[in-house]
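In order of appearance the chains are A, B, C, D and E, and numbering begins at 1 in each one.
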């Protein structure tokens, strides 16, 4: 029942938003917030059952023999769902401030599709098999298109087309065959602890299938299928924040981890040498994306490339194929979500308050927007992996996993990327706080509207909180590992 | 003798066909295709297909020529010289012909009593007709009863063509009718041509009589509803040519024609439905009377009447629809 | 089984058929439509009843005139024909229920009785082909349905409908005549016209040239009627310029019925016996299907006229159907039959949407519908869902048949991988051409202010009924799968 | 006799292809329809030829010839139907041609295509 | 008697055939429409008058003879009427005989 509610709440919410928009804007936004809170409470209420080892499920119907439409909650999915639904609340607060302050049009469409995108995200998180996952994966792509193309001018539509094109092409062209192949050899696509391919598929074919999956899941943005991510930055900042720091990209890496853990089986994959390439592909992406990020001057584009790098971090962690690294990977999903959403929020706040979009414009802005820039600093530190932020915790686990398997490529990549991250974030932080303001710029702005500041403060606090109080999270994630063992 | 005659007729058929395609004058093409149909009919007669010969003559040489001529009167008399190259098509067609000829070498021998067509199914009809229906013309028996469902379909094909032409052309004069000095049928008919008019009027009753003969004699000799319908329609078309279209429409107004089209088709269908109501299958006529054989004969008579009525109505409707269009 | 029940196969045909003459006698304003719709719904009810009987395991046979087969004409309804009957009668009923206003717009009032009569004849002709078990009877009903379709298409408001329908008439007649030649040659070698009897008696003579020739003639003739690439050239214009509702009806079923006959002959009559049967499929139909899929989709991508775009997409989709059949396996044929059903649903819905748009916009071009989603939100939402089904997104009917098709391709070994790749590429092409329309309707600004409203309620309602059926059969495809599997096993000579 | 039989089939093949040639090559729509009717006539000949029986007569069974040989009635029945179908198609085709002439002012295919461009 | 009837019938039919041939030749060789029609008239009139009685002699006193007689009557009625109608139509369409007007357009196609 609770599972069903997790879908009904946002869908009904979307309809109510539509209805409420006829009455007044305030009511519409009230409904949005209420829906977000209700959804979060609903999703979070499932955690205790899960911690005690329960695996709630909801089997709806069998579409074809062997292909069900159903949901089953396991720790990894729970983590993702809880994250997405929780951050939706914060994001709603932020959106209200942003959309009003920038006087965006078609706000109702924005909120409706936002709610639908969250529905799809929850669907991805809870799905019990590859088919259901694929269904919601595509729904998410389609529901986010109106959000990305929100502005509606020619340039935006062109970028949105790249977004849609890359995601649909990879999913239909690669992911779907991979899923079909899986069903064909294993006879099922259910997510099963320990995987379903052992004994069904061996040798280089396994590596090939892994390739189809990883590149098919375009949302994970492993190079060269990362092109959509910078393109999607034409979206309004709240969209970039939630969808491209949390929902869409995390749906990608989540799916990768889920496929590795529950379809391939960590041990089965580890034993197959031909799957080793994934680690190198991910490491390559991490380094190259970081170098590209170095050269960006637009804040959002910089963040986009940073995201590409961080996502491959997760993929790489998963590809180490050791329990500790898997914990690190799922931990990094959370840590990066908190950190990156803070950064995006800050970028949006800067744009709203000062209409600044470029890095070089930020000199000395810290004095005018102390809250925003403090949060930005915390987020950036988390990206680099400096204590006391969540980023440190996840990197710690990943490193530990890498040492466990004596994987020196991974270790080198982590160290190298940390240096690179520091190289593109630290100068910004330095300039923000310690440079003089450029006198030729407009200097009459203060902080962004209060809902935005509130939201980014919350996420910054969460980033630090993740460092201090991460025990329950690790307990939850250990359950995934427990399954793996 | 028959062999020589057969060769002669077939060769003539081929020559006519080539001439039809070659001629750039459409009028000549149409007249030649009328001849073609007559030659074909003679061929059919040589092959023991009297019913088919009669129908081919009535349809190919009669109705189809009238329709084509009416259409020519409205559209064009000459074909434009073809511009595209025809060599490619010619080569393909010749190759296909050779392939077909090669393939037909495997056919069963001509008129061989041991051929499958004479062994299976057909003998049953010849035996069963006398026993179950008791009429001489086996073709009519197969057409009306054994394969009556096909014939029902055939009636509805005619029906469809009829309503199709009415739908396309309507019952109103076409957009160019007013500007037309030479209409297909002169409003006054051929009244100022004494000889054709007198002879024509004299012939009409005989044609009608012959039509009715063909209609009701179909069970005994060649003939049946379709041929009869064509003949009766021809008589009335002749009347329209002689006396003017309006006079013909006074005799049989358009509303009546629509009624005939629908009525004939319905008549056939309803006879079929009676089979169901009387506890047997659709189109089983034997239940129409207490004596199954009489029932079959009665059924055949009624359905042939239905066919005749519909065909008459459709052909006349098509003629009037064409005639109402102007020339431009 | 009641006495009445046993007459259902023939009633399926003659109810619409005998209603047609009645309809032309009616000239009150709405009466022809009411009567035609009632007859069509009645036919649909019969089809549902027949399908239920078939699913209960019966093959229903009926002897016309109480003459036993093979001398009399026999009707037989099995899983394949039951499924097709559902499609045909369903498409007709939906189009009629939805189409009163749309047809008022295209057809003048005084011509409507004739039009509806032609509609019913087309319906009964198609149904007649499906229920009969007699080769020549198929020809007769094929001609009824063809002539009636010519009439229906010629009712299009654009004058270009006329050359289009003339081309259709010429090619359709050639197709039917080829079929007739094929049947004649088989008759010459076997002496029978009953399909089952034919299949039985053909075994002795299967290797002789006339039978091979007959197979060739029948295949080419029906391929013409079914618009199988490269014999599809009549289709785009005919669909484009027909009245919108006629396109809904015919696009959903006319070509598919020809494919039905083709599959019947190639698998049921010829298959176990004919020399070169496999060769014909693997080296002839398979490449053509692939070309159809790729060429049809490519042309659709660049086509500015909406209905024409849909028509080219149909050419591609017919390619999917023949592709399934040319895999020569039970699963391939299942996919093929299933795709007939599912594509009818998807394309029917899409053409209904075209009809909705056609009620409000004169020229259906991609540029003319810029921003129309604001004015017609329900219509365009229906378009999106139906488009997803056409693409084959999971959760829609289109996915089910693609799934089967891909599974069947996998089964056929190494070549299958290539087929899967092509299927997926063409799915992506479908995404492109559907998306062009969606993008124009949703994300482009209209040239000037559109002063239009949502489509009429009945039309919109039926559009959504079909769209929701697309979704329903995407999640609960039990019935069509059962019938399709039954049909495929039947065609491959396996008893279910 | 045997040669004559073959000749019948050859004439069928040649007629069929003459008709098809006219349909493909001729641009005039009425000429196409005439070609189509030739095409169909060829099929009539095929059917009737195969129904002929050595020494048979027309299948009209009277008391006088009750024990004689008769040619096969079935192809004749089928061709009766086919002839009717042929003329129906022709009538409908001519109706369309007349409407084309009214709308376009020509019945030549290339000129129609030119107008439609 | 039998032989005599046979001979008579053959003579009649052969003569008829000769006239048909002459008519056909004339229709081909004559210079203009009216003279051609004149030639064709032979096939319409004298030929059936000879051929059909020849056939009737073959058939004897049966129903077939009555039918043949009816055919002859109809042919004799319609043939001249058709010629008359054709000539009038040609005249109306502006066709002049060469004898009447030497500058007439040569007839080739019609």
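One rule holds in what follows: a contact is a pair of C-beta atoms (placed from the backbone, for glycine too) under 8 Å apart; a residue touches a chain by one contact, two chains touch by 3 or more.
Model, not experiment: these values are computed from the prediction.
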item: Shared interface partners, meaning chains that touch chain A and chain C; value: none
item: Comparison of C-D and B-D (more C-beta pairs in contact); value: B-D
item: Label of the chain whose CA centroid is most distant from the centroid of chain D; value: A
item: Chain whose mean Cα position lies farthest from chain C; value: E
item: Centroid distance [mean C-alpha coordinates] between chain B and chain A, Å; value: 76
item: Between chain D and chain C, distance of the C-alpha-averaged centres to the nearest whole Å; value: 28
item: Gap in Å, rounded to a whole number, between the CA centres of chain C and chain B; value: 32
item: Centre-of-Cα separation between chain E and chain C, whole angstrom; value: 57
item: Numbers and ranges of chain B residues touching at least 2 other chains; value: 100, 104-105, 107-108, 115, 117-118, 121-122, 125, 147, 150, 153-154, 157, 160-161, 164, 168
item: Chain D residues counted as touching two or more neighbouring chains; value: 16, 20, 33, 50, 74-75, 78, 81, 85, 88-89, 92, 96-97, 99
item: For chain C, residues that touch 2 or more chains besides their own; value: 136, 140, 143, 147, 150-151, 154, 187-188, 193
item: Pairs of chains satisfying the touch condition; value: A-C, B-C, B-D, B-E, C-D
item: Residues of chain D touching chain C in the complex; value: 16, 20, 23, 29, 32-33, 36, 39-40, 43, 46-47, 50, 74-75, 78, 81-82, 85, 88-89, 92-93, 96-97, 99-100, 103-104, 109, 112-113, 116
item: In the complex with chain E, residue positions of chain B that touch it; value: 25, 28, 193, 195-196, 199-200, 202-203, 206
item: For the chain D and chain B complex, residues of the former touching the latter; value: 1-22, 24-28, 30-31, 33-35, 37-38, 41, 44-45, 48-54, 56-62, 66, 69-81, 83-92, 94-99, 101-102, 105-108, 110-111
item: Complex contacts: residues of chain A adjacent to chain C; value: 60-61, 63-64, 67, 69, 131, 134-135, 138-139, 142, 146, 149, 152, 157, 160-161, 164, 168-169, 172-173, 176-177, 180-181, 183-184
item: Residues of chain C that touch chain B when the two form their complex; value: 3, 7, 10, 14, 17-18, 20-22, 24-25, 62-67, 70-73, 110-111, 114-115, 117-118, 121, 124, 128, 136-137, 140-141, 143-144, 147-148, 150-151, 154-155, 187-193, 201, 205, 208-210, 212-213
